[in-house]
Amino acid sequence: MPFIPHTEEDIRAMLDSIGAESIENLFDEIPAALRSGKLTRVPEGMSEMEVSRLMQDRAETDGRYLNFIGAGAYEHHIPAAVWQITTRGEFYSAYTPYQAEASQGTLQLIYEYQTMMASLTGMDVSNASLYDGASALAEAVLMAVRSHKSSRRILMPKTVHPNYRKVVQVTVKNQGIELVEVDYDAKLGTISTDLNDDADFAALVIPQPNFFGNLEEVDVLTDWAHSKGSLVIGVVNPMSLALITPPGEWGSNGADIVVGEGQPLGAPLASGGPYYGFMACKTALVRQMPGRIVGRTVDLEGKQGFTLTLQAREQHIRRSKATSNICTNQGLVVTASTIFMSLLGPDGLERVAASCHANTLALLDMLAKIEGVEQVFPGPNFHEAVIRVSSPAADILRALRAQGILGGYDLSADYPELGQAILVCATETKTDGDLQRYAEQMERILSKRREAPPCAYKS
Amino acid sequence: MLIFELSQPGRRNSVQAPAKKAVVAGIPEKFLRKQRPKLPEASEMDVVRHYTRLSQKNFSIDTQFYPLGSCTMKYNPRACNSLAMLPQFLGRHPSAPAETGQGFMACMYELQEMLKDVTGMAGVSLTPMAGAHGEFAGVAMIRAYHESRGDFARNEIIVPNAAHGTNPATAVMCGYKVKEIPTDSEGDVDLEALKAAVGPQTAGLMLTNPSTLGVFEKAIQAIQKIVHDAGGLLYYDGANLNAILGKVKPGDMGFDVIHMNLHKTFSTPHGGGGPGAGPVGVSKRLLPFMPIPIVGFDKNEYRWLTEQDMPQSIGRMSAHMGNAGVLMRAYIYARMLGAEGMHRVAEFATLNANYLLAELKKIGYDIAFPQRRASHEFIVTLKGLKDKTGVTAMDVAKRLLDKGFHAPTTYFPQLVPECLLIEPTETESKHTLDAFVAAMKAILEEANSTPELLKGAPYTTPVRRLDDVKAARELDLTWKG
Amino acid sequence: MPFIPHTEEDIRAMLDSIGAESIENLFDEIPAALRSGKLTRVPEGMSEMEVSRLMQDRAETDGRYLNFIGAGAYEHHIPAAVWQITTRGEFYSAYTPYQAEASQGTLQLIYEYQTMMASLTGMDVSNASLYDGASALAEAVLMAVRSHKSSRRILMPKTVHPNYRKVVQVTVKNQGIELVEVDYDAKLGTISTDLNDDADFAALVIPQPNFFGNLEEVDVLTDWAHSKGSLVIGVVNPMSLALITPPGEWGSNGADIVVGEGQPLGAPLASGGPYYGFMACKTALVRQMPGRIVGRTVDLEGKQGFTLTLQAREQHIRRSKATSNICTNQGLVVTASTIFMSLLGPDGLERVAASCHANTLALLDMLAKIEGVEQVFPGPNFHEAVIRVSSPAADILRALRAQGILGGYDLSADYPELGQAILVCATETKTDGDLQRYAEQMERILSKRREAPPCAYKS
Amino acid sequence: MLIFELSQPGRRNSVQAPAKKAVVAGIPEKFLRKQRPKLPEASEMDVVRHYTRLSQKNFSIDTQFYPLGSCTMKYNPRACNSLAMLPQFLGRHPSAPAETGQGFMACMYELQEMLKDVTGMAGVSLTPMAGAHGEFAGVAMIRAYHESRGDFARNEIIVPNAAHGTNPATAVMCGYKVKEIPTDSEGDVDLEALKAAVGPQTAGLMLTNPSTLGVFEKAIQAIQKIVHDAGGLLYYDGANLNAILGKVKPGDMGFDVIHMNLHKTFSTPHGGGGPGAGPVGVSKRLLPFMPIPIVGFDKNEYRWLTEQDMPQSIGRMSAHMGNAGVLMRAYIYARMLGAEGMHRVAEFATLNANYLLAELKKIGYDIAFPQRRASHEFIVTLKGLKDKTGVTAMDVAKRLLDKGFHAPTTYFPQLVPECLLIEPTETESKHTLDAFVAAMKAILEEANSTPELLKGAPYTTPVRRLDDVKAARELDLTWKG
């Protein structure tokens, strides 16, 4: 019986204590008609050895690629210490720290995390995490609407990650909230600074860097939104904040709510999760913030201690009037992330960010020299940019894959107006040799297609 | 000691970043950050030491019995962790095409199939990232279903007053009004109240079964009929699925939609608060509405089903496919259990709960529903004890920490005064349960002899009772140092 | 500065406190002529990211094979919990438990280990480990000579692992100890039970199973040695002891000293280490036993506690009169092994051992049906056996390797008298499919060589 | 609680063994075991919980400052652990041919090269599995060298009386007599005594430099000349190599043979007692005698050098190639450090030691050799304190545990009464050293004000002082349950 420790003798003694004949008896309040539960599509159990072999085989099937895809999930080196400590049983197998005295490890860590995220974003306070960047944006939209009161309109630029926009739509659509799409400047690939939405709106969402990797004119946009009496929601890549202006300093007064995907700070790519969404805001908004928050206090001997606070916002206290239905968050990934930030420190994070930036620029330089490749927007970029290729993007990417390279994110479905466009990203994990390999293969593939266009690559 | 107090300006942990500082050539000055963020400047060893020591301040399953009711704190197999973290799995980009992830997707597809089987549902989507996220998906599908039939009148979700707080909160997020209905003295839904509550405005009923009171809703078939007859749908909150895993299928009870907490029933780690995974299962009529992406299988190949394949889907709930790594752990767990192992989960979770109930009753604790079978959990009420000695449920909970046990859930469900909700799970041995009973016996004796001792508990934890009022009034949420 | 936390400010303050001008000053007692230390063959430091990439590339170079080699190191499934717990910092980065109050974790674990090993071998006591099986045998020989007093001769059968015999020779040769080789019965592949060494000898070494995988007639041999007033040193595979008679029960009085390679109990193959040597003996010999030993005692409040004991045997107390020069042992691997044994328990260990045995028998059955393969000895075997092939063993093994199979251990160098012989082993890790794959490839290779002998396989 | 006390007959942890019990068809009854061994029958969770909790009872580098003199308890980088445990490395069989291990062997070859460089020796063999094992190899090579020249008269090894116990023990194992020579008041070898001791019977001198007294042997060049002139060889005990790493090479001092403790200087974990690795380096004249196997490189391929290549080798010291996994960790560490990082090891280890010495001196501790520079460690003597208050070195050591620090080495070297040998290593920050000084200051005050408090220490550890006499007299080495 996997993971069940009972011996026959135990079972007998326990049933005797209960006064039941058999374990089956314990289910006698359940209508007999419902008790069958026969499983037909769950295979026989495997030993750990068997399942290990299966998983190793499957892992090898998937293999390892030289990856130039970003598009919201970024490959960074994660120090070995991060997950070795994070997966210690005391972090890994603990519950939400409701019993504060028995959870000071997790609680203090979250307090430290909140401090780091608030500082990184330039905001006053941070919560303990939400599911991911996209759902954090959705919560930020709800929060903005709650705070603004008079408007349920949100200005949502097309330069926000397409999937984020979809998730926001799914999350808020049943609450009468209107998402107003804001187009981008076709030349610059950024939100036009010449916005003239006259209607009242609760908030303007500003991605920085935006989905194309371009830097938005955050100061102008922030001040404009504030001048309209609206809030500003920043959606940022936390790694970029080691280099670029934090949302707390956008424009004259800074953004009001900041969210983003925490993955770059210590979570492996891992097919999409678990990552975590972060959220920070100004003090004035803290009671509107969803999710758990840890505060520092003292125990009855006056000793420093940490505890969950402002729980009156949460569903388990406030039920239908809660700020959100969120309960479980992404605690363990936050644990990893806190250790990650501590190991890198401000200088380390800055070096990594600078290296990503420099690598991407170097790659773009190499690609620019190839016939049939052009950079679509002028930048500035952080560590991602859009290129256009002279053959179908899907074909190029497939040909690169055959060489063990994931060449980028195909934009043609989400942004057909850009033509055969690919979003490429080179983080600090790429060596000069890697960049060259990519460029050489790209050149080879494009030139080969020029020579023999139709059938050189079967789909 | 905070990590920031180990920090010193100018220190850097040189192996963890590029040795050469790259020139930031492409970003104009006005975009550049002026002041560095307040991150610690500590050595790798100091960071490792700090967080290793912090970890030791936690109770956890790997160190203590953790009978937290409604949370299913069972053993998290270590193999699930190491296999889900094989380098190839960790390295795979979420936007990498399906052809480069056939191994991973095979696991996800098979997990979908197994979850369908154990819940008796027609379809499963893995994408919700927690129980409450799954609840949202479920209620959103209920709404989408009604609207797809042109039925826009249904604006109410019915929720028993014993429900988890996430249920009403979710209903509101989906634009519904919430109607709470009472529980009868047996712990069951008040059928008359339910009958009175349903109508053409009823979108659905959200039910946890076994309920948070630790008992199986005996009249589930009647409830099902009442709701369905009124045109509403039935939502199954899977928080207590562990109580019936391999024994009863929600689909057989007539539920239309269910969420599962894989971090409970499928033993993925709670991680100090998450991540979880909250897949949703649906009956046939809700199939078109499931959230995307879903893993499909045709022509011997796994592929992602998206908007194109499922135009009526409620849509996308995460930037990628959800908490893939958590799902992997659940998959590995499920493969180790197998059909036979799953049948046993509910049996032994129930055996443990009923045994603990019987033993605690014998030593003098009041059981909230003594006439009922416990499901995988049960409620002790300390109202009598409090009246007699002044000792509260909180005092007993804190004193348990001193005895080396995590406390049960306290003051939930709110219906039962001074309650402890106790869930031992199937992975604990009789030996451990007996040790817990011995501790509870000692505490009862202390309560009678020296109640002030319990008021001051805990004594052996890293800190003693914390000032929550101060925490909320004098908000200190970041270190200002 | 990798792993050095000093800031410039720290350095200055510290030098001031010392009263030194510079760090260089602190080396002023070292003759100037010696202070150069310039390194020319140590490359520039790498970041953790760079070294991770390097090591991953090298690991992939080495790849993964379907392994049928045993020969003293055995592939077994190791539960994931084993090394996840073993590498927890508190075990991984602790020193030898000299400060008992600060080392109860390690000390209690060793006490539990000693109990398990004593029971597994059927002996009274166990030490806390030695380096590996071979060096443990060498220490056992020294111990036997110390105990026996009148003789310095040791009977060393050829059925003992050839490398063990070499290590013993290296270790004892300068102490006037004579190792007398005992040949094996050419038909049976075991020590002849008809031994007639008339000279006095300190001990007879008995391997069980022996290097060929055969079971020795341990009862007869033990009683014979005891009848000569000599000791018996058993060299055993601990995994086999789940099935076969423990040395403590050999003959009328059991072996006196038992050693072996602990690797099968939780240590990965890992190119040869770290493994550990175990040693158990009768109570009467405990003061002659080398290595650390943990005892149970009480603290000053009468509470149970554990401590290193009998330290008067050891080099740090007894110096030139110590039982051995051993200091550092293989503690961490013992930690893994203790957890391994606890997770498997008696039933699990028995199932694994039985499965190894059954798999090896099944493989031998399949191979026996192939033209050009014969089993050399009749057995009984535990989980390893010698086969003879009709082509040069080295060529066959190379051809198998090309198919991703490590086909066994080539015996032709160590035992030329056996001809083209291969020692094969199939542990519980092999599925029926694996066994078939091996047999099919063996058949294919042998038949191909029959058809086109000379040049089909280039060396 | 012992693991055996969590055991219950008939319990089995079913996922960790084959589900089907294979028939043992091929083994006659007489060979079969009759009674099962006394291994625990516990659930996986109970095992995980038991050993996780046990681990928490240890002090370790990852949790405490551990200034254990002569043990070089520095940070063990976590990357060394995870990279050495990549699945392909763990899965490789030691007898798999070299062609299947080129990645692994490249690491070993490069490690040999780097170790040659840092020690200034002509050759390195990685195979010894610990420091004492390396010592054995070294002395055996000295013997093989003399014998190869037909010089059988040399039957003595000279060892300073401050040496580690392993030195004389090793010499005896190699068949030598041991001649101990005294140390002068400065902590150096007594040169006159050395001169008197050498002769045609001298096989060699074993020396630790810096010595266990924490000082650099100033007259090393003279010592070298005395021994070599007498026809003896010089053995370098690498226990204190960390003190000079990247600063001085033993080869430059004239040593003929050296062992290194990679678990000290190259930061592989001590693991609660091991495993270590004790590679040996040799000067040119000892090259033919190195223990096998060694990794060679020719024709672009790594291969094992064995008896065939090195007929004069002292032979094989392990069944395979030694503690490969430990060597891998050392290799990874060395690559991260690089040349520049290595140069800094000795510098900062020395800076930390001298700073700590200075600070302890300031607060009133007696330094054993106050007129000398500390190397990477130094000695405090508490003889004065003991005479005054009765408080011993052991009492101070135990009290440090209460303050959250591991104790320094006590009562070694035996030459200095009531001594503490303190080695902070280069990986500790000034912040930690200052905290240690503060604790030592508090202890000194306690010693003067309340000496009985220290006699009873420690108070906060899982057990208090243990009865070692009872442990040795009433041997309880296995659980009889």
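Labels A, B, C and D are assigned to the chains in the order they are written; within every chain, residues are numbered from 1.
Convention: a residue touches a chain if its C-beta (ideal position, glycine included) is under 8 Å from a C-beta of that chain, and two chains touch if they have at least 3 such contacts.
Because the structure is predicted, anything quoted here is derived from the model rather than measured.
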**Message:** Give me the step distance from subunit B to subunit D, shortest route via touching chains only.
**Reply:** 1
**Request:** Would you mind telling me which chain pair, A-B or B-C, is linked by more contacting C-beta pairs?
**Result:** A-B
**Request:** Just give me the whole-number Å value for how far the CA centre of subunit C lies from that of subunit D.
**Result:** 21
**Inter-chain centre distance, subunit B versus subunit C - centres from mean C-alpha coordinates, in Å** = 45
**Interchain centroid distance [CA atoms averaged], subunit A/subunit C, Å** = 47
**Message:** Where in subunit D do residues touch at least two different other chains?
**Reply:** 8, 11, 15-18, 42-46, 48, 52, 56, 61-64, 75, 77-79, 81, 83, 86-87, 336, 427-429
**Complete:** For subunit C, residue numbers touching 2 or more other chains are 1-6, 10, 45, 47-49, 52, 56, 60, 64, 77, 79-81, 84-85, 87-90, 428
**Asked** Which residues, counting only subunit D, touch subunit B once they are in their complex?
**Response** 6, 8, 15, 43-46, 48-49, 52-53, 56, 61-64, 75, 77-79, 86-87, 336, 427-429, 431-432
**Item:** subunit B partner contacts - residues on subunit C that touch it in the complex
**Value:** 1-10, 45, 47-49, 56, 79-81, 84-85, 89-90
**Asked** subunit A touches which residues of subunit C in the complex?
**Response** 47-49, 52-53, 60, 64, 77, 79-80, 84, 87-88, 428-429, 431
**Request:** State the interface residues of subunit B toward subunit C in the complex, per the touch definition above.
**Result:** 8-11, 14-19, 42-46, 48, 52, 77-79, 81-83, 87
